Structures are given as structure tokens and as C-alpha cells.
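Take a look at the structures listed below.
Note that subunit A is present in both complexes that follow, paired respectively with subunit B and with subunit C.
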Partner chain A sequence: MTGAPLLAVKGLRTSFRTPNGDFAAVDGVDLSVPRGRTLGIVGESGCGKSVLSLSVMGLVPRPGRVAAGQVLLEGQDLLTLPPAAMRHIRGGEVAMIFQEPMTSLNPVHPIGAQITEAMRAHDPGATDLRARAIAALARVRIPAPERRFDEYPHQLSGGMRQRVMIAMALACAPKLLIADEPTTALDVTVQAQILDLLRDLQAETGMSIILITHDLGVVAEMADEVAVMYAGRVVERAAARDLFEDPQHPYTLGLLGSVPRLDEDRPRLLAIEGTVPPPFALPPGCRFAPRCPFAVAACEAAPPPLREISPGHHVACLRAPVELAA
Partner chain B sequence: MTAPLLEVQGLAKHWPVKQGMILARQVGTVRAVDGVSFTLNRGETLALVGESGCGKSTTARLVLRLIEPSAGTVRINGADITGLSAPELRRMRRQAQIIFQDPFASLNPRLSVGEAIAEPLVVHGIGDAASRTARVHELLGLVGLAPWQAERFPHEFSGGQRQRIGIARALAVQPDLIVCDEPVSALDVSIQAQVVNLLKDLQSRFGLAYLFIAHDLAVVKHMADRVAVMYLGRIMEVADRRSLFANPRHPYTRALLAAIPHPDPRRRGKVTPLGGDVPSPLNPPPGCRFHTRCPLAQAICREVEPPDVQIGPGHHSACHFAAELPPPEHDFSGGLTPVAARRLALFAAREAG
Partner chain C sequence: MLRHTLHRLLLAIPVLLGVLLIGFLLMQVVPTDAATVRAGPNASAEVVEAIRRDLGLDKPLYVQFGRYLGRLAQGDLGVSIINNVPVTQELGATVGPTLELMGASLIWAIPLGILLGTVAAYWRATIIDRIILGISVAGGSVPVFFLGLLLIWFVGFQWQLLPFTGRGGPLYTWEGIQAIILPALTLGGVFIGPVARMTRTAVLDVLSADHVRTARAKGLTERRVVTAHALRNAMIPIVTLIGLQIGFLLGGAVVTETVFSWPGVGRLAVGAILSSDLPMAQGTIIVLSSGFILINLAVDVLYAALDPRMRAA
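Showing the complex of A and B:
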């Protein structure tokens, strides 16, 4: 990889204040996203992947706050920007799409008005907004965009709504698109359409994508690099190919083994015993230790550092690779 | 071969669409399920798979008469349940139970878990208070929960645990058939695997038959003995698992299989999207319902409803060209790399030991 990354997240810690004390939903995360590439962030509910993306966008809801770290977009720390400047970045240089397009669209306004609103916010003097919005709809392959411009969200299917969200996100030519479970609510045939569209648009615009998902199939299909998160920390980070060919962290192994596959007949799935620890009762050492069949006393003593075991492949596990532990 | 446990013939559910507040008149009909027939044997799993709006969940509810069918018959253990009175229907439900998708919505938040699991026993007048308590403890053990958890309330449990509670409740009356309506779709992958394994264990232990409703073909391939693919209220293809995945004979089945991304970056870019959206069931297309999205559609598909073509034993496809389709293009070779497979085996061995 040449040149500086578009986005670099360093030591990010986002904590929420509760009556039982502060807890960190994201706890010391380092990531980088090269230009024009896709970073996949994988994990289950509660692993902190959505809070991480909200932290990058400066949208952490109260009582949460970013307690430490840097979010560097082309070298500029977004966390130190005043709110007005951040508003300019958000939707301008960094855009975001969410899982459920129906709740992200305003039901009482036609979709065309919602797209032009975003354009006007970032470029108050803009003209022929209608034509630009229709072009944006056409670009996400919505049939008959002139007619769709005046339609309301309820008149569109789930896949069409997600296309509208993408059109809106891309209206100001962002350098980074954060897609938080963009296809989770969609049927598999529609999911394939949306993934195809995102890939084409990336090739066309050269934008970087952070793709947040729980679906290892989607990650394998889309991501150049993958970060696996568990309970607020990155446990493994590698090029997508390396992660699937040479999975190191026991949690990554557990995830891979939990997914039924079409290319394999196994009588029994590998199930990770137990559940993700609640944020107010995190173990002091490795957070996966209570569920890990390879855990030893040292795992419970202190959090394992993220170490590089081969170029670009990082893992936070004392026992990796597991065959040496056995 | 004895008679099947469940036999469904020409099942249909048509919802009237009305307009006007006082003198409402019917302006259309939503054909949610439109002539579905299948059988399910004892101890077997039949999966109903399809995209949202295909009628698979409506079929699940019709089979138990949780909603009234517009046409067709449902026989459980040989008896047609479509004409049963309410008390007779209640007796029937000892043989057939259901597990729902959303474990958050399907448990009463004001009943303790023990009360929720004992409720079917009370309804059917099984046992006395002491024997019911013992049975609840036994059921909790069967689904991997502890007896003391009977005193707890649903909000104290995680999604996976709540789904286990739902399974325990369905098992309480020792049914022959459990209708599983997307039982793992709302769960995280690692929890999904736990519940899938539990369902398989319980099936081999008690000889349960599952009508397994799902949209994820990989889960279906793992769970089912036979698979029926639904589209717009009709069954497009039905076959045993092996034939359906190795030799799908309906373009819709092929499109579904081709749309699934594999967890394997070496096979990137092989996903082929199917164009368009599912048409409205208010106005299903004439001829073959799939013709508006079918890459192989001919003139006949737009006009004539396809007949049921038998491909092999138990393998049927509702496509004019079922027998002539070219060999399927998808490729299910691959799988885990040797390194990954070895580490997964170590993980499994450690977990078991």
C-alpha cells in the first residue's frame, strides 16, 4: 500500500456514563482505511462496531463520549474540529448509510426533496438541484428516476430505499462511505444488487468504504482488509484473504465455524459456548477468555497486545496460532 | 411407508383489500398463499425457503390454523384440521407446536420463564402443580438452561436464551411436529449455531418433525432433509436437499443460490444478482409468476402457468423448461483452507473436552 491512509483511527476509546460507572463500548481501537479500498468490520451485537462508526462521524449519542484517541481524515483530527466544521465534513467528505433505510428517510417528504436538501446544505448556491438529484438516482440504477423523484419512501421497496440512501450519501462525492449493515434488512437477491452497486460506485469514484457487518459472506465478497471486533476491541486485523485462509484468533475461528456453508457438509456447527460479556462486567484480561477453549491463566491477567504475526496480519491473542498452544 | 405426519393440499390464503370507511368494498385480493401442497414425514425436516413476501410465514401459520385458510386442507396424523371446532383444535395442538422468529415478542414479559413453559401443560390439563414444576426443570435442562432460571423473567435473558425458552415451551406437550418460523434469523451467528445444534439434537432425541421456515439457504442446507422453494405464494421447486443444491431445476432456485456471497475471498465476484424486485402479491404476474425477473423467460412463460414437472423421485419444478435447463453454473467447491479447517477442529476438540 502506497501513501498515507485516507482515514486513521488511533487509540479510540468511546465510553458511556451509567449509574454503575463508565464503560467503554470502544476501547483502544486502531484502524486505517487506505484510499479507494474497503475495510470490513466484523463482529456480533455489542462488539462496538456501530459505536466505532458513530465515533468517526462525531455522532456518539449521549451519555456517550469519545474519551481518548484520534480520528485522522487526511491527517486532520476530526475529534478536535468545532461542530460547524464537523457538520461540513459529515455528509460532505464522510457519508454514512444505515441498516434500515425506512427509519433513515423522512416519511412525509418525497425522496427527491430529501436528496436536494442534502445537496443544498453542502452547497447553498447550487442550481439545477432537481436535475442533479435525478442524475444521482440514475447513478444508483433506480429505474425511471424522473418519476421516482416525486415519490414518497413508502412507495419504494426496501432495496430501492437503500439505493435512495446511497444516492443521498454520494450526492456530495464523499471520500469515505461508512456503510453500517447496509444489506442486513434486505433479501439475498436484493443484497447482491446493492453489493454490486457499491462495488461499481467505488470503482467509479475512488471512494473508501468502511463496511460494518456480521455476515462473513458479505465481508469476503467486499472487503480488502478486515478487522474482527469483540467486546469493544479489535482482536484480529488482516487482509481479507489472509484472514480467511489463516485465521488466528480463537474468536475468528469460532465465527468461521458457526456459519453454515454451501460449499461444505458438516454434521455439526462449531458453536462458541456462552455469550458476549455485558459491558458492565468485562473481564480484566482478554475479553474472549471466558468463552475461549484455549484460554490459560495468563489470558485472564492482562489484555493481550495486538501483535503482528506476519506482514499486515495482527492478532490480539497470547495463544495464537492455536496449534502451538495445543 | 406409512402416511405422512403432515399433508397439505391446495392451501391458500387470500386477504381482501378494502377501500372506504363505512361502505367498504373489496377492491382487490392479496394472494399471500395461493395453492400450496406438500407433505412432511415423521422425524423429517422440510424447509420452506424464499424471500420476504413469498408466503412462507403465512403457510406456517395456516398449517397450525393460527389463521384461517381460504381454501385447501391440512391433515395432521391423517385428520383434516380445517374443519375442527375450537376444543378439537386445542387437542390437535398437543401434536403440533410453533417457535417464532422474534424471541423478544413471543414471550409474555409478565410471566416467569417457568410459568411460560408450564402454560401449555396447564392449557392441556397435563399433570398437577408438582409434576409440572418437575417437567419445567427437565425441559430447561433439555434446552441448556438451569432449573433455577425458571424463577426469572424474559427480560433477564439474552436473545439466544429466549429462543431456548421458546423451544422448551414448544417441547412441553411432547409434540410430533414443530413449526419453526425463522427460529435463528434474529440471532447473532455464534448464537445461531448454538440454537441450530440444539434443534438438531432434540430432533434426533425425540424424533421430531420440523417445518422449518427460513430465508437463508446455507442454514437450510445444514438443517433440512427436503426443501421447498416458494415465490409469490407458490412452491416453485421441491426436492430432497442433495438434489436441490446439486441440481436445481428452477431458474428462481438458481438465482437464489447465485446471490449468496460465500465466506471465501478467493471466490469473490461470483455473486450474480437477480434483477428487479418481487412483484406485488396483489397483482401477481400472469403465466409463470417468476417470468418478470427470469433471465430465461420465453413467450410461453408470460401466458401459460407452468405445469408441475417431475425431474426425479420427489423432485418437482414448476417451470416450462425444468427438464431442458442447462447444467447449473454455480460452484460449491472450495470450503475452508486446510489451515483454517485444522484450527477449527482443534477448537471443537477443546470445546468438547
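Showing the complex of A and C:
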């Protein structure tokens, strides 16, 4: 992991204006994605991981807005780009696929037209669009792509639609692909196929991937590095192997403890006590403190900084490194 | 697609029969006796009876309805009680002007309404949205006759800018164009509000859809996101809703034609009803309701054309 990262997110804060006041769905997040690698972002629903990805794309829905921070793609801050230049980045340099392949494609346009539309947006003078789109469909292993080109989304299965989404996202050879829960809505077998496909395409193109998921199994299989998010903040960041072998944040421990395993004799799954605090009533200190079995008085006073406790392993916890007696 | 159309066409038949039956029964319950009207005020009771037998009005209702359908099937709608002219002949002369008026109203009102609705949806909850909402509520609340009278009073009478009575001639002549402007402004004016409001709702709905987010993520321009994705998809409910509103427009046409002395089916209907010309009134009801059925049929077919998911069905 040498050299400048492809993407670096610094101090990103995205807030939403509500009748109860502003609340930050993403609150001071730092991340980086090296070239050709995969960063997994894990957390439960509502932790801010999707808002984070939309912030990178410049697609935060109203009334949300990026309030502070930088999103540096090859050193260039995307947040300061004028709209036209940002449009060139979207779908060109950075592409995105979404959780719901059922609804993420427009039902009234043939899939081929939706792919060529993306190509034309980034290369107005492009020719041979049909052939290129068919090649893109073939690359995501869609059988009989010539025939599929003129079909509508409702004529395809969920897995096929996600393949179309991937073909569309990769149509302009992006350097970074953001995949927001790409397999959550799919059957398990289809899930594995899509993950395989993503891995192969990454090897083929050298693109970086940000994989957002709540599924630790998917992260373990795909990610080189993992960031764990809780209530809008990154609480732990480490190489995937380190995170799974030596989790340091109590929240990460809780997440790993709640995954069913076949190779261990565990009488019952561990659940994390309590619930995620609502965004307008966040505790002033560590946001996990109210649910944390290891919390001490200092945890409630001020938010713990993200510290490097071993090379490449960052934790935002005052008690780390903990030696677990469990 | 073809099957869908045929299916709709078949479904229209019972609707048409129902309309004919209700139209027929309505004419039975009005307190006017066709034989008395035709015989005139000074006719003797024997003459009235003779006319009644002659018209078949002494037969039971179902026989009358059956004969009525039989004549209808041969294109015979009867003869006007007032001036003895065949009803079909009068209708034939008035259908054209009504179609002209409706066309001239819709051709500007629908695009403008859709444009206003789309702009309002895109800039929702801003001052632009509020202004457009104000316009469409005001437009939808003004009665047709009142808007017509305002235009007649100012544009036609005070400022002498445009003619306001009758049809000036065929539409390819300058007189024809001039004469249709005020009626078309009136009838179209009251239609903008509903179209704009329906469009706003439909576009708002689509703008928050996942596939619009995908379109933005592809790096499309906002103009393309709105036209090729949001508005294109919103057209499906918009077309349906506009189709449903056409009945309202037919009612407006009756009023507009009366206010502007436009020689259309609506004015003919009002005249026939006021003079108790039952066959003529019945004829106009058939034409107006058939028009309504035809428009709905067109909407159904268009709906299928707009939504690929419907084509297989």
C-alpha cells in the first residue's frame, strides 16, 4: 500500500436539516482507498454508510448537504468542483451500483439504451455504441447479449439486472466503483456469482472498489481493508485479516459475535444490548458508550480519537487495546 | 399490443349500450311529451294520439328501446321535432367545430400544463412552486363561463382585439383562426390547472425513484434526467389522469360553445334540451358520450404504448 491513494476522504461531515435541527448522518469520517484495492465499509442500517457513498458521488438528496471535509480523487477535491465537472466524474471516473437492481433501472427504456446513454454522456462523439454496449453486457457474462440489448428490465431476473447495472457502471471504465449493498437483495447463489464477477472485473481493469454492506461474510470475502461505522463515525479501520482476527472496538466485537458460525460450538448468538442512538440525541462522548460493556466514565466525556494501535490498525476506543478474557 | 387494443374495444361495447339505455330512459322521465310538442299547442287530442301511434310512443318501453336501437344501427337518429331536419344531419354539421375547439384548446393547454407541473415538481417547495400552484388553483377554480365572459368583455368588447361570436370560417383562413382564439383560451385555460397539478404529483413521485438516482450517478445532465427519465416515466400516470379529466373538458365545451355561440355539439345539446327537442337531445348525448368512450379508449392504448410492462399483457 504505497503511493498516494486513489481516493482520500478527510473530515467528511454530511448533515441533514430537519425540524429538530441539523443532524450529521456522516460526522468527521476519514478514509482512503488505494488503487486496485477494495475497501469494505460495514455497519448496521442508519450508520451513515450510504450517505457517505452518496457524498462522494455528490448525490446527497435534499435537505442533506456536505457541511465540511474533502473528497480527494487523485488529489482533486470533488466537493469544490463545478456541477458540470462533477457530472463528468460521476459515471466517468467514479461509478456506483445500488442495492435494489429491481428499481434502479428505468422500467420504460430498453437496457441497451440505458447503457449507451451512459456512454454518450461521457463521450458525445462516440460511435459504435450498440456494439460497445453488447460487449459490456458480454463482459458481465450476460448470455445472448445481442438479444438482451433490446429487452426491458422487467424481462430480466434480479441477478441479471444487477449485472446490467454493473455493465452500465463499468461502461466508461471508472477508476473507482462504489457498490452500495450490491448483493443484499439477491439470492445467496446469485450473490456469490455477482461477487465473483466483481472480483474478476477488478483484476481485469485494476479499478478500486468501495463495498458497502452490513454483511460481514461479504466483506471477509471481498475486502482488503475494512472500516466499521457506527452512528456516523468510523470506529475501527484495519486490514481485513487484522480486523477479523483481532477486532479491537467493542462494537466490532459485538458485530463479529452476532455472526452465526459452523466451526465453533457457541450455545447462542451474542446480541449487542440496546439500540443505536437516534441522530438528534447522540451522546457527547463515544457514541457506543451507552451500549458498551467496557465503558468507563471517560468514554462519556469526549469522543475518542481514531488511534493507530498497531501498524495500519486504527481504533476509536479509549479502552483499546483490550485483552479479552471472553 | 394489438390484443390489448381489441380487448379494450370489446369492453367499450357494453359501456356504449349502457350510455344508450340511460340516455333513452332520461328522455322518458322528462315531463315533456314528444307527441304533444310535435303536434303543437293548438292540436286536438285525436291528432296528438295519432302522432303518438305514428311515433310508436304507445308501445311498451322495451319495445321502444329495441326499435330505437334498431334504427340507431342503421344510422337513423330520428328527426328533429322542432324543424324536421334529420338529427344525423345536424350532428354531422356540429361535430367538426367541436373537435376543432377541443383540439385548439388542448394543443396549448396540455403542453403548458405539463411544463408548469414539471417545473413546479423540480423546484418543489420553492417560490417557483408556490407561484405555479397559485396559478393552477386559481385557473382550476374559475368557472368556465366566467373566464369566457372576462375574455369577451375585455379582449373582445373593450379592446376590440378579437371576434367573440361564432366560428369565423375554416381554420386555414385568418378569420377562422381569429375566431377560435378566445374560445380556445377559455376552454384550455380551465384545463391547465388540473394538468399542472397532476403532472407535479407524478413527476415528484418519479424524481425520488431509484432509477432517477441511477441516471444521475451515470453523469447525465439534469435536463436529460428530467426529460428522458423523470418526465418520460411520469407520462404514464399523467396520460391516464388527463384522459379521466376529458369528461370535465366536454362539460366545459358545452359551456364555452354556448358563451361564444360556437356552432358545436355542446351548443346544439343545450338548444335541443331547452326546446324539448328529444330526438336531437338524445343524439347529442350519444355523440358526446361516444366521444368520451373513444378518448378513454385512446388513453388505454396510449398507456400501453408508454409502459413496456403493459405490452406483454
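Operating definition for what follows: the second predicted complex is superposed on the first by the 323 of 326 C-alpha atoms of A that agree within 3 Å, B and C clash if a C-alpha of one lies under 4 Å from a C-alpha of the other, contacts with A are read in each partner's own complex, and residues count from 1 in each chain.
As a working rule, contacts are C-beta pairs under 8 Å (C-beta built on N, C-alpha and C of every residue); 3 or more make two chains touch, one makes a residue touch a chain.
Just so we're clear, the structure is a prediction, and the values are computed from it rather than from any experiment.
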| item | value |
| --- | --- |
| Combined model on subunit A where subunit B meets subunit C, clash or fit | fit |
| Which superposed partner A:59 touches (first subunit B, second subunit C, both, neither) | second |
| Contacts of A:168 with subunit B and subunit C, given as first, second, both or neither | second |
| Partner chain(s) touched by A:108 [first = subunit B, second = subunit C, both, neither] | second |
| First, second, both or neither for A:255, with subunit B first and subunit C second | first |
| Subunit B versus subunit C, judged by how many residues of subunit A each one touches | B |
| After the two structures are overlaid on chain A, angle v-u-w for subunit B, subunit A, subunit C in degrees (C-alpha centres, nearest 10) | 80 |
| Which superposed partner A:188 touches (first subunit B, second subunit C, both, neither) | first |
| Contacts of A:74 with subunit B and subunit C, given as first, second, both or neither | neither |
| Touched partner set for A:294, first subunit B, second subunit C, both or neither | first |
| First (subunit B), second (subunit C), both or neither touched by A:275 | first |
| Lowest C-alpha to C-alpha distance for subunit C against subunit B (Å) | 7 |
| Common interface residues of subunit A - those touching subunit B in one complex and subunit C in the other | none |
| Residue ranges of subunit A in contact with subunit C within the complex | 57, 59, 61, 87-92, 95-96, 98, 100, 103-110, 117-118, 121-122, 152, 154, 165, 168-169, 172 |
| Contact footprint of subunit B on subunit A as seen in their complex | 44-45, 157-160, 187-193, 195-196, 214-223, 240-241, 244-247, 250, 253-264, 266, 268-273, 275-276, 293-294, 321-323, 326 |
| Subunit A-touching residues of subunit C, taken from the complex the two chains share | 208-211, 213-221, 224, 228-229, 232-233, 236, 306-309 |
| Parts of subunit B lying in touch with subunit A, wherever the complex brings them together | 51-52, 158, 160-161, 188-194, 196-197, 200, 215-219, 221-222, 245, 255-269, 271-275, 277-278, 332-337, 339-340, 342-344, 346-348, 350-351 |
